[in-house]
Amino acid sequence: MAMTLGEIAVRHGLELAGDPEQPVHGVATLAGATPGTLTFCTGPKYRRLLAATKATAVVLPRELQADCPVAALISPYPYASYARIASMIHALPDVVPGVAPGANVAASAIIAKSAWIGPNAVVGAGVVIGERCSIGPNCVIEEGARLGEDCRLQAGVTICHHVTIGERCVFKPGAVVGSDGFGFAADRDGFVKVPHVGSVRLGNDVEVGANTTIDRGTIDDTVIEDWVKLDNQVQVGHNCRIGAHTMVAGCVGISGSTVIGRHCMLGGAVGIAGHLEIGDGVVVTGYSLVSHSLPGPGTYSSGMPAIETTEWRRAVARLRRLDARARRSRPLRSDKDGGQETES
Amino acid sequence: MAMTLGEIAVRHGLELAGDPEQPVHGVATLAGATPGTLTFCTGPKYRRLLAATKATAVVLPRELQADCPVAALISPYPYASYARIASMIHALPDVVPGVAPGANVAASAIIAKSAWIGPNAVVGAGVVIGERCSIGPNCVIEEGARLGEDCRLQAGVTICHHVTIGERCVFKPGAVVGSDGFGFAADRDGFVKVPHVGSVRLGNDVEVGANTTIDRGTIDDTVIEDWVKLDNQVQVGHNCRIGAHTMVAGCVGISGSTVIGRHCMLGGAVGIAGHLEIGDGVVVTGYSLVSHSLPGPGTYSSGMPAIETTEWRRAVARLRRLDARARRSRPLRSDKDGGQETES
Amino acid sequence: MAMTLGEIAVRHGLELAGDPEQPVHGVATLAGATPGTLTFCTGPKYRRLLAATKATAVVLPRELQADCPVAALISPYPYASYARIASMIHALPDVVPGVAPGANVAASAIIAKSAWIGPNAVVGAGVVIGERCSIGPNCVIEEGARLGEDCRLQAGVTICHHVTIGERCVFKPGAVVGSDGFGFAADRDGFVKVPHVGSVRLGNDVEVGANTTIDRGTIDDTVIEDWVKLDNQVQVGHNCRIGAHTMVAGCVGISGSTVIGRHCMLGGAVGIAGHLEIGDGVVVTGYSLVSHSLPGPGTYSSGMPAIETTEWRRAVARLRRLDARARRSRPLRSDKDGGQETES
């Protein structure tokens, strides 16, 4: 959708340095921009790209205004302002109501008049789907699940039975919400499967990435609070609770019954053990192992960055020798001897 | 399904302290229980919750009986006994035989009369599906695959061609069994794709988690023995064998041609290199890297738990200095000098 | 397809020691081979198996020829030659053109006459599908996507809108190409979703593993160059570029905007941070964390191999003590004191 710079400045409360009548019809990078597009610049390290840009307008902080060869929209948060503007220029099309051919909707399902059910989607008994929901092709929504208004399920999403979902949630292809967790109880005869009579409850504005999986609770529900954003291939175990506004990057695994606070950020491929408590405002950097509860706020890390393999082999060998010596010397060591540790 | 405490005690061989005529119709947690429900208590640390429970009955060990304010079912394995009872109270509904609208079943497929084929499922030529199998919506079973009795495939499961599956196996949404493995052979012209003429064989009572993937063998089959339980987002490479009763937690990756013993337990996100042998009864704790064969039984670990990021940065820097010094001092070091290592 | 040894020798340019009229109809392992099959032997450690093989012919290097009890096909790259031969004996069937029942193809889609659209597949508006493409059951190809000739999509693959794909690409079940990346921009009101107006471009001969996910770009495209092979459960973030002939093993996660060179090899479960540059010819061993750009060519590693858990606990405790001592002693340490580090 084309907009004039004046419209953009007014709608987003930004100061405009330039002609308000100029239209923009798309977005671009600083380097790739052509006339008619809008772009952004976040800091002085892009000054040279800024000076050469062919965009019609650039969203940027005030300190870069003097370097801007074209119209400038001044924002203290240029990337966020850009994102808001881009979301209007490239607005998602409205949902076209209806049930596509090949969709299989149970007679007892209650589908809002303004919702769309895509081709070959399957909607079970007693399902409730809110206004303006979009259920993509080949999605499966099992019996008794409830979706609030304005949810968008892309292709091939599975919502298991009796899961409840708030408003404006987004599900990317292949996401699975509400399958049974991994629960077995041991007795003398081996392992017994624990039935999962809990469900999953998602708040509003939750985003669930492609091929991400969220297990249902064993007795109580797994809970994902408002505004939680889960990237692709995340695994959330049974009985977890993830606090509002927490962001979870790709490939993170969260074991069962762990409670994560609000406004946390978990980097890619972080692994979190079960039955832990992660406080509000905890940041865990990518590829860390969390094996103990972490108080919040705070920033936590583990893992060794990759080095040349020949060096790494030596480091592994050295750590093993350290360990061997530690074991050899332990009988000789006084616990009161604080000065000279066994590994030195 | 409601059951009386007397029925439960008799069926599960448990001693009952309480009125055998009392019915229970559901399960609950100690804290969330209401009259008419059954719950469990595993140890003394829950004694306060036990004292306040509103459940009708609690499954617990004998030493907690005196603390129980309501009917008690005595079990040395209260969680397992609870699981068995809960599986009866919340029994899965029987499979309703038939082929749903939109399902696409090849003429040459042999589907047991008591099996159900869900909406929009696709069943290929020559497939054999056993009695009381339930094939969920949008599943795909490729040509020549064979499923034993009482298998349950949830939504969107893919069983590739000629895979053979035992009885009572469970597949969660998005599981993929039998896609080609990742095999390439190098020659002077680059990489050649290795055809995968093997298949996958699953034993009885195997469980395959949501979005878990199991590759078929290059020549011989990938084999998953009886009672193996795979959690969500597990990857099993081509030609692997996983021994009976082994449990694999979420996000584990097992590289090709590795053989894992019986009764092993692999924690979440464990990574196992290819062509290894893991003995019977091996436990690997979560987020460990297994790069060598491991004799069993035994418990193995690696990985550093996350610490505050500022401390972690120092630790990383220190390990790099250790390495730098080790390299500097190597020329000066006699191999016979066992007393003083280079890193000390 | 049965072939004679003479045909094989001629087609693959291999020297044959044996009767060229002998036919083979399948492949096998050295140990499992039966008459009528072809197998391979890569090195002297398999000499005993070679001596006992019941195969009709073995592909092997010249130095093993004397040990071969049956016909030998001599190759300096026996596994690659085997792979080429096996791909002919077990050739994929030709694609049978047509649109299967239950498939849902938009009127404006352009499907080549020789392509096959499987049961319950969904093809959106304006999609272009090249000659001899095979679109498996339950695949979804969203509007505007374009597939070159000879692509094979197995079951349940999702190709999102406007993704462009070259020729001869293979997609295993559950792969998702082109879903929105994980992009949020912060301002004083919290996080704003960044629209993804870029797409994904795949070159020729790309392979995408089961349940692998590739995110579309925020503005420019995510690019996967020719001959890139991605194993199962790989995650490629938005705006990444992966250079030609690079191979990525299972469970690897590549964060957004990272550029990976040509002819790289990433081992299983490697994690790569965002905005990095990985040079041509870089090898990263499995389970490594890459947090900095890596020049190529070179081989890099990190991670500690699993050891007995009791030893590991001691090692973790010792590293923590090292850190504690380092912090205690820092005030006492002169930066010029190069001889005695704080941790020794």
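Chains here go by letter, A, B and C, matching the order in which they are written, and residues are numbered from 1 within each.
Methods note: a contact is a pair of C-beta atoms (placed from the backbone, for glycine too) under 8 Å apart; a residue touches a chain by one contact, two chains touch by 3 or more.
In this text the structure is predicted, and so the values were computed from the model without any measurement.
Asks: If you fit chain A onto chain B using the CA atoms, what's the rotation angle, as a multiple of 5 degrees?
Replies: Rotation angle, to the nearest 5: 120 degrees.
Asks: Tell me whether chain A and chain C, two copies of the same sequence, contact each other through the same residue numbers or different ones, using over half shared as the line for same.
Replies: Chain A and chain C contact each other through largely non-matching residue numbers.
Asks: Based only on mean CA positions, could you tell me how far chain A sits from chain C in angstrom?
Replies: 25
Asks: Quick check on chain A: which residues sit in contact with 2+ other chains?
Replies: If we look for residues of chain A contacting two or more partner chains, we find 102, 120, 138, 156, 174, 211, 233, 251, 269, 303-305, 307, 322, 343-344.
Asks: For the complex, which residues does chain A have touching chain C?
Replies: 26-29, 32, 76-77, 79-84, 86-87, 90, 100-102, 118-120, 136-138, 154-156, 172-174, 207, 209-211, 227, 229, 231-233, 245, 247, 249-251, 268-269, 286-287, 303-310, 312-313, 316, 319-320, 322-323, 326-327, 341-344
Asks: List the residues on chain B that touch chain C in their complex, please.
Replies: 102, 104, 120, 122, 138, 140, 142, 156, 158, 160, 174, 176, 179-180, 182-188, 190-195, 197, 211, 213, 215, 219-220, 233, 235, 237, 251, 253, 255, 269, 271, 273, 283-285, 288-292, 294, 298-305, 307, 311, 314-315, 318, 321-322, 325, 343-344
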